[in-house]
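Below, chain A partners chain B and then partners chain C, in two separate complexes.
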Partner chain A sequence: MKTHRNHANYWAFVLHRVSGLALLLFLPAHFYVLALAVEEAATLDMFLSWTEAPVVKLLETGLVILLAAHMTGGLRILAIEFLAWRDWQKSVVAITGGLSLAAGLIFLLNAG
Partner chain B sequence: MTPQRAETLEWLVQRASAAVLALCVIVHLTVIVLAVQGGVTAKEIAGRVGGSVPWLAFYSVFVIAVALHAPAGLRNILREYTSLGRRATHWIMAAVCVLILGLGFRAVVGLYGLGA
Partner chain C sequence: MSNDTLTVEIWRGREEGEFQTFQVPRMASQTVLDIVTYVQRNLDPGLSYRFACRVGVCGSCAMTVNGKPRWTCRTHVDKVAGDGTLRIQPLKNLPVIRDLAVDMTEFFQKWTRAQAHFVPTATRGDDFAQVSPDDPRRKEASAGIECINCGVCYSACDTVAWLGDYLGPAALNRAWTLVNDERDGGQAARLKAIAGAGGCQSCHSHQSCFELCPKHLNPTAAIAGLKRATVKAALKGEI
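Presenting the complex of A and B:
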């Protein structure tokens, strides 16, 4: 049956965990590439021109959505843990989803 | 420190760092959207953050908060999906923390130095 999986909060938990792990795995690569600017600016520019490709822009959009989703989902957890329960908190999952997708869209519109 | 105390401390550090990170991520997402408009190049990055003390301070706080936050999340995953003991997970947490601090500050300090 696995009825718990029919609940939006279960998927919020899964998304928070998957996005957190993905961001952690991405971070060392992000720092490594940034550090190239110091002594290997040409290599960094080669890499950055690769990121202009549409498929890479889409991957970056995915990263922006994951970052926004982890941030808004984390604020949801803090609200549940530290604020008194209110009925509006039931709608927070939908709001975090909407904000995350909006962040991705704003990035994509500006990166295009 | 008793295991219970350590547990409470880890929970608190994860939440406190999350609150700091929420603010950092809002700034980061804003900077990403603004920077990407003109295209990101090594020169653009150096011009933006090189020699800037406010950005050095911001990214230092960002890196420290991530270095405290990510290991706690990883620990929860390891505890739920593996049979690793407390000691092993603590060593992994410490290693991840040091890795993020090392790579993070190498980038942050390096980029700051470009403006000198």
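Presenting the complex of A and C:
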């Protein structure tokens, strides 16, 4: 069923919320792992060797894309709120999506 | 016309209710309002719905048509019933009185809460105010002034659904036209009313309101203007 939600800017909002919540879950884990560098070098090394696995690399790529999507999407929203209105909002959504995927691709290419 | 009848599902009841199916003859240039009127005049006189002008001026005929809010008198069946069926429901985000008629009280109370009315400063002794059509504020006001109070944007806004308190796109759009009206004397009270809880800062810029407004107004841009205006006023200590 078609609904009032089925348009580019609404999907961009959904992505922004999902990526924001994902960041909220990811960051504490990220800081915990960084803290290991100081406290428990051996555990960190074990974790780092785990991250060498290809499937983990793929998951990390997803994370990079979500991070990039939240950042570009956040800048898009701030532009709506603080700059003059532009009529090409759908193109802006497409650009933020493209930049996020590009960020993921660059990460993946450097990961191999 | 290849199909000479159309299967139409219409909501019957209040919040609790069910769809009733009707077969309605197809006609050239038929609107969704024509369909509803046909059902009421020929198939079931008990069907409740609202309309007045039939030409997109009064704003009373909005309903949810195949999932999206629309002004039914200016919505052609051809445009929305691509798969040969039509499902007609009352507007979302407003209490249903009966069938397709919703209670608009809350919608208009929010206009009052947003101070979305003109506060005159001149007296009858004064000359007419001269506002140049090229004035940037005049242009902002003109862009939003043609609202017909149909409630389509309000019904499409998820923030209204999630946050019952939210003033909504129509009231805020109207407030923005007044913020740009140099003759108006109610600015501080208005900015205060829309800066608080349920005000312009609650908008998530989904743009569903802009997407569906039948008059092609842009409440999202108006609300962005209000966000800037309220922040500026708060920083200056005016509100």
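Here is the rule we go by: the second predicted complex is superposed on the first by the 109 of 112 C-alpha atoms of A that agree within 3 Å, B and C clash if a C-alpha of one lies under 4 Å from a C-alpha of the other, contacts with A are read in each partner's own complex, and residues count from 1 in each chain.
Keep this in mind: a contact is a pair of C-beta atoms (placed from the backbone, for glycine too) under 8 Å apart; a residue touches a chain by one contact, two chains touch by 3 or more.
A quick note: this is a predicted structure, and the numbers were derived from the prediction, not measured.
K.L.:
Which partner chains sit in contact with A:Leu67 here, chain B, chain C, both or neither? Use first/second/both/neither.
P.N.:
The first partner, chain B, only.
K.L.:
In the superposed arrangement, does chain B or chain C reach more residues of chain A?
P.N.:
Per-residue touch count on chain A favours B.
K.L.:
Name the contact category of A:Asn9: first (chain B only), second (chain C only), both, or neither.
P.N.:
After superposing on A, A:Asn9 lies in contact with chain C but is clear of chain B.
K.L.:
Of the two partner chains, chain B (first) and chain C (second), which one does A:Ile95 touch, if any: first, second, both, or neither?
P.N.:
A:Ile95 contacts neither chain B nor chain C.
K.L.:
State whether A:Ala22 touches chain B only (first), chain C only (second), both chains, or neither.
P.N.:
Touch partners of A:Ala22: none, neither chain B nor chain C.
K.L.:
For A:Glu81, using the defined touch cut-off, is the partner it touches chain B, chain C, both, or neither? Pick first, second, both or neither.
P.N.:
In the superposition, A:Glu81 contacts both chain B and chain C.
K.L.:
Can you list the residues of chain A that touch chain B in one structure and chain C in the other?
P.N.:
The overlap between the chain B and chain C interfaces on chain A comprises residues 77, 81-82.
K.L.:
Report the residues of chain A in contact with chain B in the complex, numbered from low to high.
P.N.:
Answer in residue numbers: 17, 20-21, 23-24, 27-28, 31-32, 34-38, 41-42, 44-45, 48, 51-52, 64, 67-68, 70-71, 74-75, 77-78, 81-82, 103, 106-107, 110-111.
K.L.:
Under the touch definition given earlier, write down the residues of chain B that touch chain A in their complex.
P.N.:
For this pair, the touching residues of chain B are 15, 18-19, 21-22, 25-26, 28-29, 32-34, 36-37, 39-43, 45-46, 66, 70, 73-74, 77, 96, 99-100, 103-104, 106-107, 110-111, 113-114.
K.L.:
Under the stated contact criterion, what part of chain C meets chain A in this complex?
P.N.:
66-69, 155-156, 158, 204-208, 211-212, 218, 220-221, 224, 227-228
K.L.:
Tell me, which parts of chain A touch chain C in their complex?
P.N.:
1-5, 7, 9-10, 13, 77, 80-82, 85, 89
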